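Below you will find the structure I want to go over with you.
For clarity, chains are labelled A, B, C, D, E and F in written order, and residue numbers in each chain start from 1.
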Amino acid sequence: MTRVLYPGSFDPVHNGHLELVETAAGLFDEVIVAAGRNPSKAPLFDLDEREAMLKESFAHLSNVRTTRFSTLVVHVAMDEQCDFIIKGLRAVSDFESELHMAHMNKAVSGVETLFVPSASSSSFIASKLIREIAQYGGDVSTMVPAPVAARLAERFPS
Amino acid sequence: MTRVLYPGSFDPVHNGHLELVETAAGLFDEVIVAAGRNPSKAPLFDLDEREAMLKESFAHLSNVRTTRFSTLVVHVAMDEQCDFIIKGLRAVSDFESELHMAHMNKAVSGVETLFVPSASSSSFIASKLIREIAQYGGDVSTMVPAPVAARLAERFPS
Amino acid sequence: MTRVLYPGSFDPVHNGHLELVETAAGLFDEVIVAAGRNPSKAPLFDLDEREAMLKESFAHLSNVRTTRFSTLVVHVAMDEQCDFIIKGLRAVSDFESELHMAHMNKAVSGVETLFVPSASSSSFIASKLIREIAQYGGDVSTMVPAPVAARLAERFPS
Amino acid sequence: MTRVLYPGSFDPVHNGHLELVETAAGLFDEVIVAAGRNPSKAPLFDLDEREAMLKESFAHLSNVRTTRFSTLVVHVAMDEQCDFIIKGLRAVSDFESELHMAHMNKAVSGVETLFVPSASSSSFIASKLIREIAQYGGDVSTMVPAPVAARLAERFPS
Amino acid sequence: MTRVLYPGSFDPVHNGHLELVETAAGLFDEVIVAAGRNPSKAPLFDLDEREAMLKESFAHLSNVRTTRFSTLVVHVAMDEQCDFIIKGLRAVSDFESELHMAHMNKAVSGVETLFVPSASSSSFIASKLIREIAQYGGDVSTMVPAPVAARLAERFPS
Amino acid sequence: MTRVLYPGSFDPVHNGHLELVETAAGLFDEVIVAAGRNPSKAPLFDLDEREAMLKESFAHLSNVRTTRFSTLVVHVAMDEQCDFIIKGLRAVSDFESELHMAHMNKAVSGVETLFVPSASSSSFIASKLIREIAQYGGDVSTMVPAPVAARLAERFPS
C-alpha cells in the first residue's frame, strides 16, 4: 500500500487544496494532510484552528487523515511512514522554490517529493489572497469549503 | 466613454508608472490612479504623501485623476464606475501573482483586469529598489518624477 | 468609441479564444478578430477554413467582426483604425515572447498592445494540443466551439 | 499495487531519465517506460533504436518494463492499466507545457499526471543538446548510459 | 589579459548585440564575436553575409575581432584560447536553455560561460522578430546597425 | 588585471557560494567576497559572524579576499576599484530580481554586473532552507563548509 504526506500552512485550507486531496485520495491508499507551523509568517488562524478546519473539510474522504506538525516536514514523513511527500503545482512561481525544497529534503533525509498539478479551475486560488479579500468584506465563499467560510465570517463579521 | 482604474502602492511613484499612465491616458477617456494602503508592508511614505506625489506627478495629464483607497481594489473600481482595472506588466515575476489577483478579483466582483506592458526603457525600475538606493545616498533622480526626487532628498538628506 | 484588434493563428479557434472575445466584446465597442498566415508553421487548417470557423464561432456576438490578414499585425491595426491590439495571457511562456512582440510592434508603428488574462478554466487549452489529440482520435469537443468540432471530426474521421 | 507510465521521446535516453526511472522504481510497484513517435520532430534515432536503447538501459531494474507507442499517451496509460502518468520536471520551461499537457490529458481521458523532480546533478542534461554535441564529436559519455554512448559513437564516428 | 568569446547566430546582428559587445569591450582585453552555423534553422542570411555584417558593425571597436564557426562553440573557445564564453541575458525564456547549454559546455570541455545582462532599452529586440517585420516591409532601421539595415532593404525591397 | 566583487548576505555561506567563488578565482585575478547588511531581513548570524565564516571558508584561495559592507553594493565596487560585480544565477526566480538590480546599479553608478551559473550539483542549496533545516535539527553538513557546519551546530545544539 502507498501512503503519502501532503504538508502545508493551510491558512486557511481552500478549494484548490481540496481538489488536490481528492485527486490524491483516488490515486493512493492513504493521504495524510498535515498543517505546519510556518516560522516566517504570522498566521491568520492558529494551528488549532487550521487543524480543525482540515478535519472538517476532509471528513468525507475515508482514506484521508489530518494532523499537525511543528518540526521538519521530512521528520513527519518518516514518523508517519509515508512513501513520499506530495505538493501541489499551480504556477511557475511555486515551482522553483518547491523544487529546491524537494532537493533539500531528499538530500537531508532521502524522502522524495512528487508534484500534483492543481485543477485549472482552482489554480488561481491562494490562501494569501483569500485572507486579504475576506479581511475587507469580500465574499470568498465559492473558493473555500463551508467550514472555512463559516470561520472567516466569524473572524471578519460584515 | 471608457474609464479605467490604475491601483498600486506607489511608494513612491516612479517613471515606469508615469509612462504607463501616459499610455493609458492616450488610449482611454479617463484614468483614475489610486494609491492604496498595503497591509503587508511598512511603507516609506504614508498614504497622504503618496497621494500628494501622485497628484503632483500627473498634474500635466488632464484626463487623469488621482485618489487613495483603504478597501479592496474591486470596491474602488465599482464605486468609481470604472470599466476595468489596468496593471503594468514588467516581468515574469509580476505576471503570475498579478494573474492570480486578476482571477480572484473577477471571481469576487466580475471586474476585469487588463495588462499594459511597461515601456522597455523603464522596465527595470522598481519602487523597492528606489527606496533602498535612496536610503544609502544613491542618486535616483533619473528614475522618478521631480516632485518625488524632492521628497526623497528631504527624507534622506545627504 | 473603442475598437480593438484580436489577431492570432486560430488553427483552430478554441474555447479559450472564445471566452477572451466574449470578455473583450463586453468591455469595448467593437472587436475585430483576425486570422493570420503564420509564416513559420504548416497549419492544419488553411486560412479560408480558419476564417470560416471564426465567423461561425463568433456569429452570436453582434459587435465582433472576423477577418484575415497576410501582412504585419500592426498594418491590420492601422488599416482597420483600431485603438489597440489585444492578446490573451495564459502562461508565463506566452508572456515573454508576447511582451517582446508588443514592444517591437510599438517601436515600428506606435500601436499599443494590451493583455487580457485567459479565464482560468480554459487556460490549459492550446491549439497545438488540440491538433495532436484530434489527430489520434481523442475527443476535444468540450474544448472547441461546435463548428470547429465538426470540422475536426471531418478531418480526422474515427 | 501501483503501476505508472513514463512516456517520452527518448532520442536518446540519458542519465537524467535513468535517475528518474530509478527513483520511480523505488516508489512504485511497476514502471512502464514508453518511447513515442514525436510527430513534430525528425528524430536522430528511429523508434526501433530508441526502444532498444531503453531496453538495454533499464535491464538492471526488475520492475521496469519498456515499450513503444504511436498513439496518444493517455491511450497507452489506459491500455496498460496504469494508475497514472509520471513526467520529469527539470526546469521552468518544461513546467508550463507539461502542465497544460497534463490538464488536456486529464480532460480527454481522466488520466492524472504526477511530476517527479529531476536529480539536480543531471538537471541540465537534455537529449537535444546531446544530439548537437555528439554530432560535432563532443564527448557525452558521462551523460548517457553505456549502450547509448556506443550507438552515438557508431552514428558519429570520430 | 582576458579574452572572451561571444558566439551566436547573428541572423542578423542587431542593436542589442551591439550594446552587449560594447559593454564587453570595455570590461575585457579582447572580444571575439563568432557567427555560427545553426543546424536547426534555415537562416535568412548565409554565414558569409552574417560574418560580413559582424565585421562592418564592430569596425569601430579596436579590441573586437569577428569570425565564424561550424563546429561546437567550446571548440572555438579552446582554439581561440578564450578564457570563457559570454552570452547575453535578456529574458527568462533565454535563461534556462542558456543555463543548460552552459552546464553541458562546461561538462564536455571545462569552458565556463558568463552572462551579461542586455541593456534594458534594447532587451525586446530579437533577430527573429526583425526578420518577420522586415519581410513585410516594416521599418526596423532603429533596431539594427546601418550595414544591416542596408542589407535588409536590399533583401526586401519595398 | 581584473578584480571582481561578489556581494551577498551569506547567512550563512554555503557550498553553492563556495563553488562559484572557486570558479571566479580561476577566471579572474582577484575576487573580493563581501557580506552585506540586509536591511529587510533579521539575519541568523550577525555581520561579524558572517564575515568570519567567509574568511574561514575561503582561506584556501590565495586570490580571494573577504570583507563586509553596510552601504550600497556599487559604492563597495567603486571603493575597492573592482572592474565589475559578479552574482550567481541558480534559478529563474533569482534571475529577474537580479537583472533589475543589475540595471538599477548600472544606472546609478555605471558599474556592470556579470552572472555566473551555479554548479548544477549545488543549485538547490539556499541559505534560507539551510537556516530552516538546521533550526529543527536536520543535518546540513554536506551543504556548507566545515566552519559553517560547526557554527550551526553551536547555534542549534541537538
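Definition applied: a contact is a pair of C-beta atoms (placed from the backbone, for glycine too) under 8 Å apart; a residue touches a chain by one contact, two chains touch by 3 or more.
Please read all numbers here as calculations on a predicted model, not as lab measurements.
Path length between chain A and chain E in the chain contact graph, taken as the least number of steps between touching chains: 2.
Computed from the mean C-alpha positions, the centre of chain B lies at a distance of 31 Å from the centre of chain C. Chain contacts: chain A has residues 92-93, 96, 99, 103, 120, 124 touching two or more partner chains. Chains touching one another, given as pairs, are A-B, A-C, A-D, A-F, B-C, B-E, B-F, C-D, C-E, D-E, D-F, E-F. Of all the residues in chain C, the ones that touch chain A in their complex are 92, 120-124. Taken together, the chain B residues at the contact with chain A in this complex read 39, 71-72, 74-75, 92-93, 96-97, 99-101, 103-104, 107-109. Chain E contributes residues 2, 23, 27-28, 83-84, 86, 89, 92, 95-96, 99, 102-103, 112-117, 120 to its touches with chain F in the complex.
Every residue of chain E that touches chain C in the complex is listed here, in rising order: 91-93, 124-126, 129, 132-133, 135-140, 142-143.
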